[in-house]
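The chains carry the letters A, B, C, D and E, assigned in the order they are written, with residues numbered from 1 in each.
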Amino acid sequence: ERRLNMIEAINEALDIKMTEDPDVIIMGEDVGYFGGVFRATAGLQEKHGKNRVFDTPISECGIIGAAVGMGAYGLRPVPEIQFADYIYPGLDQLISEAARLRYRSATDYIAPLTVRSPFGGGIFGGQTHSQSPEALFAHVAGLKTVIPSTPHDAKGLLIAAIEDNDPVIFFEPKRIYNAPFTGYYDKPVEPWKTHRDSVVPEGKYSIPLGKARIAQEGEALTVLVYGTMVHVAEAVCREKGIDAEIIDLRTIVPLDIEAIEASVEKTGKCLIVHEATRTAGFGAELSALVTERCFYHLEAPVERVTGFDTPYPHSLEWAYFPGPVRIGEAIDKLMSE
Amino acid sequence: PAASEASDASQTLSPAVRRAVLEHGVDPTTIKGTGKDGRLTKEDVIAAAKAKGDDPAPATSS
Amino acid sequence: DAGKQPRPDETCEAIETSDLCYDLVRVLGDDNKAHGPWDPKLDPDTLRTMLGHFAMVRAFDERMFRGQRQGKTSFYMKCTGEEATSISAAMALASDDMIFPSYRQQGILIARGYPLIEMINQIYSNKGDKLKGRQLPIMYSSREHSFFSISGNLATQTPQAVGWAMASAIKGDTRIAATWVGEGSTAEGDFHSACTFATVYNAPVILNVINNQWAISSFSGFAGAERTTFAARALGYGLAGLRVDGNDPLAVYAAEKWAADRARANAGPTLIEHFTYRAEGHSTSDDPSGYRSAQERDEWPLGDPVTRLKDHLIALGEWDEDRQAAMDLKCAEEVKAATKEAEKNGILGHGLHHPFRTMFQDVYENLPWHLEEQAAQAKREREIKWPGEEPWS
Amino acid sequence: ERRLNMIEAINEALDIKMTEDPDVIIMGEDVGYFGGVFRATAGLQEKHGKNRVFDTPISECGIIGAAVGMGAYGLRPVPEIQFADYIYPGLDQLISEAARLRYRSATDYIAPLTVRSPFGGGIFGGQTHSQSPEALFAHVAGLKTVIPSTPHDAKGLLIAAIEDNDPVIFFEPKRIYNAPFTGYYDKPVEPWKTHRDSVVPEGKYSIPLGKARIAQEGEALTVLVYGTMVHVAEAVCREKGIDAEIIDLRTIVPLDIEAIEASVEKTGKCLIVHEATRTAGFGAELSALVTERCFYHLEAPVERVTGFDTPYPHSLEWAYFPGPVRIGEAIDKLMSE
Amino acid sequence: DAGKQPRPDETCEAIETSDLCYDLVRVLGDDNKAHGPWDPKLDPDTLRTMLGHFAMVRAFDERMFRGQRQGKTSFYMKCTGEEATSISAAMALASDDMIFPSYRQQGILIARGYPLIEMINQIYSNKGDKLKGRQLPIMYSSREHSFFSISGNLATQTPQAVGWAMASAIKGDTRIAATWVGEGSTAEGDFHSACTFATVYNAPVILNVINNQWAISSFSGFAGAERTTFAARALGYGLAGLRVDGNDPLAVYAAEKWAADRARANAGPTLIEHFTYRAEGHSTSDDPSGYRSAQERDEWPLGDPVTRLKDHLIALGEWDEDRQAAMDLKCAEEVKAATKEAEKNGILGHGLHHPFRTMFQDVYENLPWHLEEQAAQAKREREIKWPGEEPWS
């Protein structure tokens, strides 16, 4: 069994697609010669050439805008935005252009971009290296949003995203690039090398966008979660001995509604966990969907555990992070109903 | 989890009806629902409780 | 001062174009003759073809504007006075060079032979509209004609054009890209991205800035025109820059050709400021009398490009007023016929649009469950509103 | 009784604040000499001078960015973004700068901006003149988002927004600038001049941000709604003779949660209506809140009626618009539970 | 070629600075003497003060960098080699001119007398931190010192500076604004907005572009440096532009003073490119050996500004190596003392931070209900995690 951490898995997915498809190109700030500030593109320029893996000016607008043009030409660009916090200058090109191009041109042109970007906190990155803006993208018709939680999934989902003909936002939970953080920040971190989900097959495989992963089967309650928080939820349920069904959504748009419905109908209780700020976060959509579709199966109010509606504060990062205590409290509440 | 052996009706109780059932101590399987698909409504439960001669309980739970 | 501007070699260093960024390349003199090194030496047939496109776009604009006033559609935008900046420029490109237009380049579609009826179908958002009624009128798209889908968001096309050109270069393709952007829109960050990427990657692209002196109600000074020229933006990035009389069809052709040859020779991108004048209102939603004097148009800075080209042909002995009148008439009739034909496909708001189900198509390549459900809801709504009427699918 | 349409009411609010407070300035594309493409700032440059009401370059980033700097200086800028669809190039300055400035500087600097922008569809504006992006702003901690539905409220809320020391996004439902559109697009439109909510007192008054308006009291169900859709909801309930309690939220952040809870606890049923695309729209947050807070009062699943998850299609605008049929269907469903 | 660059009058037309955009203003020659029209003729006391700030910031950087390595905080950024571009520039401004900095201008705070201990408190995010531990280390803010809150988002400060300057002009205030931005960051659209607004409104602002030749791992060519200078950007907008040897403290002072005088005279904004070199890694998160050779630093393009200023003072007979050594020692000790003092307030992650409740403050002026509820939840969490420990409020 070959085990990789998430960076290695992502790097391998990129390498496989670049080798297989000459139209795949990689661009972004520091991704070329240096191989990315998180090393996700390390070695790729050397292997695939400066024409296909290259550094860009510091202009997220230009990165996405140029990628849209490249996509219209027929390439399959995989731009990196160095931190999700810095995606906003490129948002217009994503929302007004990439997301609507197929529709507005009635398929004359498409934007088969895969925008990779590290997101999330827990690394003492302060308010501009910690955000989780996935809800903004989920609101935009025409975009798909993917968030892996394991090396295995990161590789398979990234390959699927690159092959997808729609623009995909691929958010990488940077906190778990190197190890599956459980939220117990004061305990030693288990490395990927000993984690079951770091077994990454060689060669190409892909995981369909829109299919959730049942991270853990259970009967007592359903947990809807993605990214870093999958591992935190798992740890809390383990700790508390709760027979939870933990659904790692993997893709938030399109969503695996069948998996969600089946689980909530079974358990009657639903907890939603994300790191992003609460108000109008993606958890709201999940809560609304569950209420709309599983109402008569609900035995308790759907609960959301989220980051607070504040910027991510540097020194109080662990007070912000929706860690084991916050999740535990919600589980207790749900189980007591 | 939902009591899987419970009657059809109990699977289609809205939260408000469930609360009414608890507050009024009536057995939902004994009441005929007037809601959609024969579902119990809050009014059905209150009517059943009245018929049973119960005091309406104060709505202070939860 | 027509013919006075020097013409450096297409493969020159960008800096050698510095003086041209502050000058104005002109070919047609007051004598209606072509002068100087920028004279593209086009043959009379080509000039007549160009004049024909001019006439056609003007006839088209007239009729479509009226169509909007008659309630046949929601919106229209004329390019009156700016015809050369699209038609003459496009004629200097290869027909498969990729265009990333703004919204005032209908001339390019006409020059490339895009059928009038397709344009009108789009303007009417009718059932013949290739864009399925999804876009605001005049926001055309034609892959077949290497014409990118027009966006309502200003300047977004500019970095896209650069990206397309980079892709072409990566693939060793000989096609180049050209983009058009209004002088007002150059203030957007996208334009800066375009210039930066173009210069850093030496992309085979032409950035056409159409300085028609107005951005809706705002004089070009609000984009910086009182401090320098728009062509001078090129200097800031080390791009080649040209400033050209946008109402001089020969000068426009020559400048665009220079830039195209430069790009194709891998000698780098060019920014061209086309100095022109928006003779009409911004769009059918606009009434320019609220912000500029009526005389301004009469003074028509730089002269009407159609008249100038016509007079040039006449001066060459290759044209006369009668042929002009006949051509204008023929254009008007062609447009009228196309309009009639298009109206058979419906006009906006009169029911003859694409089927409702098309509304949910092409958001994604495949319909996800949530759009399937929403489509079912829309279908139900339709059945409630108009029981038994027109089919959903 | 003096009656104004919404444009007049907004213009009056601006005029009052400019007259009263020399630090208020207005800037935006075409707002100066011309008075705005919707005439909201008509006459203000002439009255208050070019120093205080001025046209800007077409750069939403520059408009918001400069306004942040002006706010730091001590001015109280009221920038206009010509259409909400064009706010994205300025989003980074709003999200990363204006919204977080007070927090990150620990009150050294504040950003007392009021960003006015017409939003919403129903005017055959096509996909780039019709969007309702309010959910994006609701997700950003530090911003307030206000949406008036009547001339009376527009004036009072705008005055409150300008006086507020936090950055406020003030979305103006352009479909009802001139008349309160009820969604029956094939019937004649009632002008503001005969509508009760167009009575606008002279002089200064303000409506606190975060206080909803009970547009109509009722017992049968609660409708949570804002902007244009208030009038559509009212018309449908009138038409159907439904005893609905219609809550015009007015401000979506901060939200008047008390009014919402009180109403849903009374009615037991809740309908949420907005024009924006559905997925991760603000309706999701409302639904989640209602479920979380009023669960045991709910007699039926919370329903959302929204725009579809597509771009706003030009020719099929009325098929997109969440009009009377869509709302009626949801009401029927709720009432039948 | 020190002293060879002409110095136009501060109120000249912007275009008169064209040649200076391609040149390099230098004052200090190889002989360590000041030359030419740009010599600011500073008196020895001022020069010694400047040298003192240089020494202090270098000592500070050294110690803070080590502090991060010792785990006292999460992050640090040095400005080694670029001291003149902040300190000498700031000394040419009035003390209440408003600074919109990027993240490498700690020199300005030091030049303006901001207490070291406040800087360290911020870096440690401890309970003394005036920013309440909310910002990444080095993202200072000080209204008292007319120093704007630093943002992690590149270039956003540039249009803000222009807006501040516009506000100052609107109010008839004599204060001007100055902003600093890295050469790599000039590619952002914000910078374009800043230049456009500056030129359109003739705002009293100075745009300092710090071209230290690197943006993390990316050579300045990725921002366009291989095609032209960054000063030439000014020409594109019709701004006055200067290109200055950023390692020549006298030249930097002179250029900034020229621009400040120009702005204060309402003669318009200036863009200054400070050509310098980032001698160290980008930040403590960076290891430059992965992308540039170790010798590069040894060659130290342009020479160490501290050494150059020191040698100048020595050449003037106003300084010597012993005094330099003593000053360096004194700075190191001052920094050490301040560090010790600050450590009493805590270091990152060791519990001595601002009270938890402060996390919810200042998101809005007043706490809305949803933050009140979230604060209550956070308090509960705290009580569960550490029952009875440190007070919430």
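One rule holds in what follows: contacts are C-beta pairs under 8 Å (C-beta built on N, C-alpha and C of every residue); 3 or more make two chains touch, one makes a residue touch a chain.
Everything quoted here is computed from the prediction, not taken from an experiment.
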Required steps from chain B to chain C (each step between touching chains, minimum): 2
Starting at chain A, fewest touch steps before arriving at chain C: 1
Any chain in contact with chain C as well as chain E: A, D
Contact-richer chain pair (by C-beta pairs counted) among A-E and A-B: A-E
Most distant chain from chain E, judged by the mean position of its C-alpha atoms: B
Chain centre separation (chain A, chain B; CA means) in Å: 42
Between chain D and chain B, distance of the C-alpha-averaged centres to the nearest whole Å: 40
Gap in Å, rounded to a whole number, between the CA centres of chain D and chain C: 35
Of all residues in chain E, the ones touching two or more other chains: 132, 134-135, 139, 151-153, 187-190, 192-193, 196, 200, 222-224, 363, 370
Residue list for chain A, restricted to those that touch at least two other chains: 56-57, 59, 61-62, 85, 88-89, 92, 96, 103-104, 127-128, 141-142, 253, 279, 295, 298, 301, 308-311
Set of chain B residues in contact with two or more other chains: 14-15
Pairs of chains satisfying the touch condition: A-B, A-C, A-D, A-E, B-D, C-D, C-E, D-E
Parts of chain A lying in touch with chain D, wherever the complex brings them together: 61, 85, 88-89, 91-92, 95-96, 100, 103-104, 127-128, 133, 135-136, 138-142, 253, 276-277, 279-285, 287-288, 291-293, 295, 298, 300-304, 308-311
Complex contact set, residues of chain D against chain B: 268, 295-300, 336-337
Interfacial residue positions of chain C with respect to chain A in the complex: 98, 100, 130-132, 134-135, 139, 141-143, 148-149, 151-153, 156, 158-168, 170-171, 177, 189-190, 192-194, 196-197, 200, 362-365, 368-370
Contact footprint of chain C on chain A as seen in their complex: 25, 51-52, 56-57, 59, 61-62, 65-70, 72-75, 77, 89, 92-93, 96-97, 101-110, 141-142, 144, 164-166, 210, 253-255, 257
Of chain B, residues touching chain D in the complex: 14-19, 35-36, 39, 41-42, 61-62
